[in-house]
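Below you will find the structure I want to go over with you.
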Amino acid sequence: MLYRENGQFKTSYRADQQIFPIVQDRIAIALLLVVAAVVIPWTAPEYLFRAILIPFLILSLAALGLNILVGYCGQISLGTGAFMAVGAYAAYNFTVRIQGMPLIVALLLGGVCATAIGVLFGIPSLRIKGLYLAVATLAAQFFTDWAFLRIKWFTNDSLSGSVNVGGLQVFGWPIDTPVQKYLFCLAFVVVFALLAKNLVRGHLGREWMAIRDMDVAAEVIGIRPVYAKLTAFAVSSFIVGVAGGLWGFVHLGSWEPAAFSIDRSFQLLFMVIIGGLGSIMGSFFGAAFIVVLPIILDNLPYWFDVPIDTALASHLTFMIFGALIVFFLIVEPHGIARLWSTGKEKLRLWPFPH
Amino acid sequence: MSLVAASTAAPAAPAVEGAPEAAVATLARRGIGEVVLEVKDISLAFGGVKALTDISFDVREHEIRAIIGPNGAGKSSMLNCINGVYQPQKGSISLRGRTFAHMNPRQVAEMGVARTFQSLALFKGMSVLDNIMAGRNLKMKTNLFQQAIRWGAAEREETANRRVVEGIIDFLEIQAYRKTPVGKMPYGLQKRVDLGRALAMEPQVLLLDEPMAGMNVEEKQDMSRFILDVNDEFGTTIVLIEHDMSVVMDLSDRVVVLDYGKKIGDGTPAEVRHNPEVIRAYLGTAH
Amino acid sequence: MGAFLETLIGGLMAGMLYSLIALGFVLIFKASGVFNFAQGAMVLFAALAMARFAQWVPQVIGVQDKLLANAIAFVGALALMIVLAWLIERLVLGRLVNQEGITLLMATLGITYFLDGFGQTLFGSDIYKLDVGMPKDPLFMFQNVFQGGILVSKEDLYAAVIAAALVAVLSLFFQKTATGRALRAVADDHQAAQSIGIPLSRIWVIVWSVAGFVALVAGIIWGSKLGVQFSLGLVALKALPVVILGGLTSVPGAIIGGLIIGVGEKLSEVYVGPMFGGGIEIWFAYVLALLFLLVRPQGLFGEKIIDRV
Amino acid sequence: MRLNSIRMATAIGAALLAAVAATPAAFAQAKEQFFPVLVYRTGAYAPNGVPFANGYVDYLKLVNAQGGINGVKISFEECETGYATDKGVECYERLKGKNGGATLFQPLSTGITFALTEKAPGDKIPLITAGYGRSESADGTVFKWNFPLAGTYWVAADVLVQYLAKKEGGFDKLKGKKITLVYHDSPYGKEPIPLLQERAKMHGFEFNSIPVTHPGVEQKAAWLQIRQNRPDYVLLWGWGVMNSTAIKEAVATGFPRDKMYGVWWAAAEPDVKDVGDGAKGYNGLALQHGAEPNSRVVKEVLAQVHGKGQGTGPKEEVGQVLYMRGLMSAMLGVEGVRRAQERYGKGKWMSPEQVRWGLENLTLDQKKLDALGFAGVMRPISTSCADHMGAAWARVQTWDGSKWTFTSDWLQADDAILRPMVRSAAEKYATEKKLSKRTPEDCQT
């Protein structure tokens, strides 16, 4: 397709402030949405929904939330799993304890609880900087892991400490088949992505980035670190909490704290870094990469029909995964999103070199 | 040189304390008014190291006040105290007669004090536009939810402020760079963005920390022009830090000279130029 | 009372082992500003190498004397760790010079994954016995003072002694030797160090090798205690609060921090834990570290950070 | 740089497309009975996961070597879960449709079992969880697709208590005794607690439990507590490295090994072999079988699978406890298919639903067991709509420093205690999931 912006003159600041100022981009995104919402549900096989698309959507939502904290506000977090867990278990408790609690409300309330916890563990960030802050978030991680295993009330006194939900429905429509689940998640992701984008391009977003880039200068121009950091923690953990709720309710249906272990936190951090810090779109790239890569690696031998020993296969997966991450950081520390934009730049100027 | 020092020693002596007649005269001529910022015996130390000792001076409405001194004289520390970035152990600072026991940067900013930085402190990850827009944050009032929805109040606010910022961009002649990340710009222009960010706050008092450091002659001339324009057009009071004397002399109305954290001179450029201590501190080191 | 002392001692000895791992973190952070999450993976890798070599040496070379076999295995494993250090510098760090801390952290996470996979591919994923002649039986002291006496696990005691010795040796190495001094120079200021002609890359190789050596020793101690298998890699998570508490840049910090965490978590688990149904030690360690940070954001012995503008 | 960055971008695009192509191709071929095999040959639990997987696969190979299930050959594919729930779910999704559809799943992880329990009914695929999984899933009227064959954790706990009572000389003797449970802090480890509490109430022994966090290498504090409140017995509910660590800590704190009793997942060679003499006298439960190097089925495997150089693991491991567990689990699955064929047609391919019926009407009497070469390895198992467990028997075995030997005769869990617990738990689940119990008619189908 011809990718040119010449002839597209902005006549108002408003027009200039759009998310996708270039017409072609707007068309592309519209097409993408149509494909996602209409074409895929009709065409894709069940496996794709259950094993790839639904996890991808939910995890990219979580990654998006994390990206606001790490990518936009520069506060490193290794405890994302914890906030997902809070979201999931809170939503669970709202559903089992309040009769006829609507699914969406429960999920959002879960997010609210996650926000509270997020802000609580965000308070140290006012005093602690950089890697030291990681320990605060790790404290959150291990504490919630423990709390949901130990405190029976959270799991509604289930004997095994694992909880399960069923009969999901929204306004009478059941959320049951893979397609329904997929569309449900898709709706959430699209809405949240839009809201998040609005935030980061508004003045709150600028305050976050200012704190990230040069906190002293930010203070001098009147930005309050307390407000900026805590709002970042709040928004981030709200989104992450909702994602956690979706992960438990829609993807797993029955879960235990292990579903939100520290491995999950690292996985999400990988997504954000590889996808691109400080980029909404990056969160999606990262999620796609991290979700899909291991599956591809697992399957490769079967596609080429060279069955290798399972143990070896998964060891290789580990190795390739690690190697790729390092490779990525070396080639493009700013992640896939940056590759994407450089690609677009080139396309804009094509065929002229500069 | 040492001769000059000897000959000017006597008359220059009184120039050290307060603002002498000559100075007052000049001020009157440029229609300079009340004291807006007053610094009283500020002392600041990091651990054992004394950065500032008993510094006092005042800044009057609409004047251009320079603080000069060799490197490490404590100029930037002085500004950081005024901004409330550092908390001095001793002394007081009052803005428009209001004295703060504890200055915090936010309050100072709300009082209409803006500032640029010596070592560029721009937001590297953001575009020129966003950097300057960030300067407007005190003027933007919509809450988190309104911004999340954007449509309506937030959108309007954004556009309104954008208009102001575009004005500043035109004033600084950096239209072409609007959307470029500041990191990618030439040094001289980054300095302008820094100034722009400060101007976006519509300040009454503007603190400039070595605005011309590391610039070539043309850039210096541009920058001086901007400073004078700001001072005339917006009537902004300017406190200017420089270690390069020549610049200061033709820009500023009054000059404070610091050396090793102590005030060694205060007065019109002319007076200061002939102050023996200043000469020793400066040219002495120059030899 | 006896019980309390028992827990205290147990905690101290556990703490000593934590400091050993933490030491690896600190060394690397000081010299290359890398928060090396792969330290745990290195411990596992080294331990696996040691355990397997110790098995293979008798089979292949036919050395039957256990001590000698272990010695050879040790040298082999150490060599491997040095090669590893060199490769890491070559392939990863060398190419990530002056990136932000978080990027480097991610890189080491990548290394962690790689090592976990690579180690298990080379050496298998079963649980391996590593017998370096550590005593297993308990030791009861002050039988006459407290009924039942105070239990001290001989193994832990030996381990603690070894750890302490190692720490002492290393601090000497850094104070006395030329390399050590060069190393501290690098730690203080990379540019300056380079300008006076200290080759960064070589220093980094050395530091990572030393860290590898520390990992090996730690691996042997933990390995002979728990058996060598995958979960050894997770000890990194135990060392994290230690480094943070002690301050990322301070060797004594790592040691004191280790002891504090060790004692803290054991006492908490034994005396506070039962009230909450137990299992609190892991997060207690982190919360403990967190509380310290709120008082001293740079950790116990870390350098203070001043914002300059 | 820029150019190759574009190359990378496109590469990623390609990867995504590839993923879309990754969907399992259900190529139509001679109908084979497809057995997906969820294994973990890596990670913290690999030492225990590997022998099980080898036994499982070896048995499937053996069946094929003997001509399949009445002529129907078995095809199988391993999928590595690493004992992680999300990986397990992904494996399930990938394999359930493959090669004409999965016959049944055996998750070999309580966590994965919980997740799959939600999905199996929708996909109509039975789950066999022999000796693990949800204890309440023994109630087939609620858990139509779960088969915790040959025993659940409640059975295990109950049998252990009975054994201790016998040892002490009667339940009344348990009064005032201290029994401590050291458990893996996960659904798996928690399963036995309610039953033990129940028993504690009945017989007035003092029960307390100490959790050990995953993966279980950090137990010093736990054992210091044990040393301080000196229990008469310690029950060990561990998995993987946690078991050997527990025994080592017991050695280090001087707790007598012969007062330790592990569940059947804490009573295998990997748990004791690297502890050395320290483990001597340690007891563990046997889920029906123990280590059975002399059983006929093992000899057949050695002859017909390893003999032909098709053995999955090392020869030495054949006949070990966890290997036997894998063998038996596979056999139960295969027999489910065989039983189904009796109703829906011998020598035909059985759909998962038909296999479910087979598992629900399993009748492995002594005769059949002997024929299969499992004589002496296990007791008869017969399931029904109400009872998906089929047998509640276990024995205690002891490690003599070189091998496991049985030190008790067969004990049966007390149905009077189990049944009400199972029913109430199952009902709670049903209400939570808004399920209705199965009708008697449904049981006939």
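Letters A, B, C and D mark the chains in the order given here, with residues in each chain numbered from 1 onward.
Assume a residue touches a chain if its C-beta (ideal position, glycine included) is under 8 Å from a C-beta of that chain, and two chains touch if they have at least 3 such contacts.
Every value quoted in this text rests on a predicted model; they were computed, and no experiment measured them.
**Student:** Where the contacts of chain C and chain D overlap, which chains show up?
**Tutor:** A
**Student:** Please identify the chain lying most centrally, where each chain is represented by the average of its Cα atoms.
**Tutor:** If one averages C-alpha positions chain by chain, the most central is A.
**Student:** Count the C-beta pairs in contact for A-B and for A-D, then report the pair with the higher count.
**Tutor:** Pair with the higher count of C-beta contacts: A-D.
**Student:** Cα centroid separation between chain A and chain B, in whole Å?
**Tutor:** Computed value for the inter-centroid distance: 43 Å.
**Student:** Chain B to chain D: how many Å between their CA centres?
**Tutor:** 74
**Student:** Need the CA-centroid distance for the pair chain A / chain D, whole Å please.
**Tutor:** Roughly 35 Å, centre to centre.
**Student:** Report the inter-chain centroid distance for chain B and chain C in whole angstrom, where each centroid is the mean of the CA atoms.
**Tutor:** Going by mean C-alpha positions, chain B sits 50 Å from chain C.
**Student:** Would you pick out the residues of chain B that each touch at least 2 other chains?
**Tutor:** 85, 117, 121
**Student:** Scan chain C for residues touching two or more other chains and write them down.
**Tutor:** As it turns out, chain C has residues touching two or more other chains at 120, 125, 277-279, 282, 307, 309.
**Student:** Got the chain A residues that touch at least 2 other chains?
**Tutor:** Answer for chain A, listing residues that touch two or more other chains: 146, 149-150, 216-217, 220, 311, 314-315, 318.
**Student:** What part of chain C is in contact with chain A in the complex they form?
**Tutor:** 35, 91-92, 95-96, 99, 101-103, 105-107, 109-118, 120-121, 125, 237, 240-241, 244, 248, 276-280, 282-283, 286-287, 289-290, 293-294, 297-299, 305, 307, 309
**Student:** For chain A, which residues count as touching chain C in their complex?
**Tutor:** 70, 76, 124, 127-132, 134-136, 138-139, 142-143, 145-146, 149-150, 215-217, 220, 262, 266, 269-270, 273, 311-312, 314-326, 329-330, 333
**Student:** Over in the complex, which chain C residues touch chain D? Could you list them?
**Tutor:** 3, 6-7, 10, 14, 120, 125-129, 136-138, 140, 151, 153, 155-156, 225-227, 229-232, 234-235, 238, 265-266, 269-270, 273-274, 277-279, 281-282
**Student:** Can you list the residues on chain A that touch chain B in the complex?
**Tutor:** Interface residues on the chain A side: 12-14, 17, 195-196, 198-199, 202-204, 206-207, 209-210, 212-214, 216-224, 231, 235, 278.
**Student:** Within their complex, state which residues of chain D touch chain C.
**Tutor:** Answer in residue numbers: 41-44, 46-47, 50, 185, 209-213, 215-218, 220-222, 224-225, 227-228, 240-241, 244-245, 248, 251-254, 270, 273-274, 276, 278.
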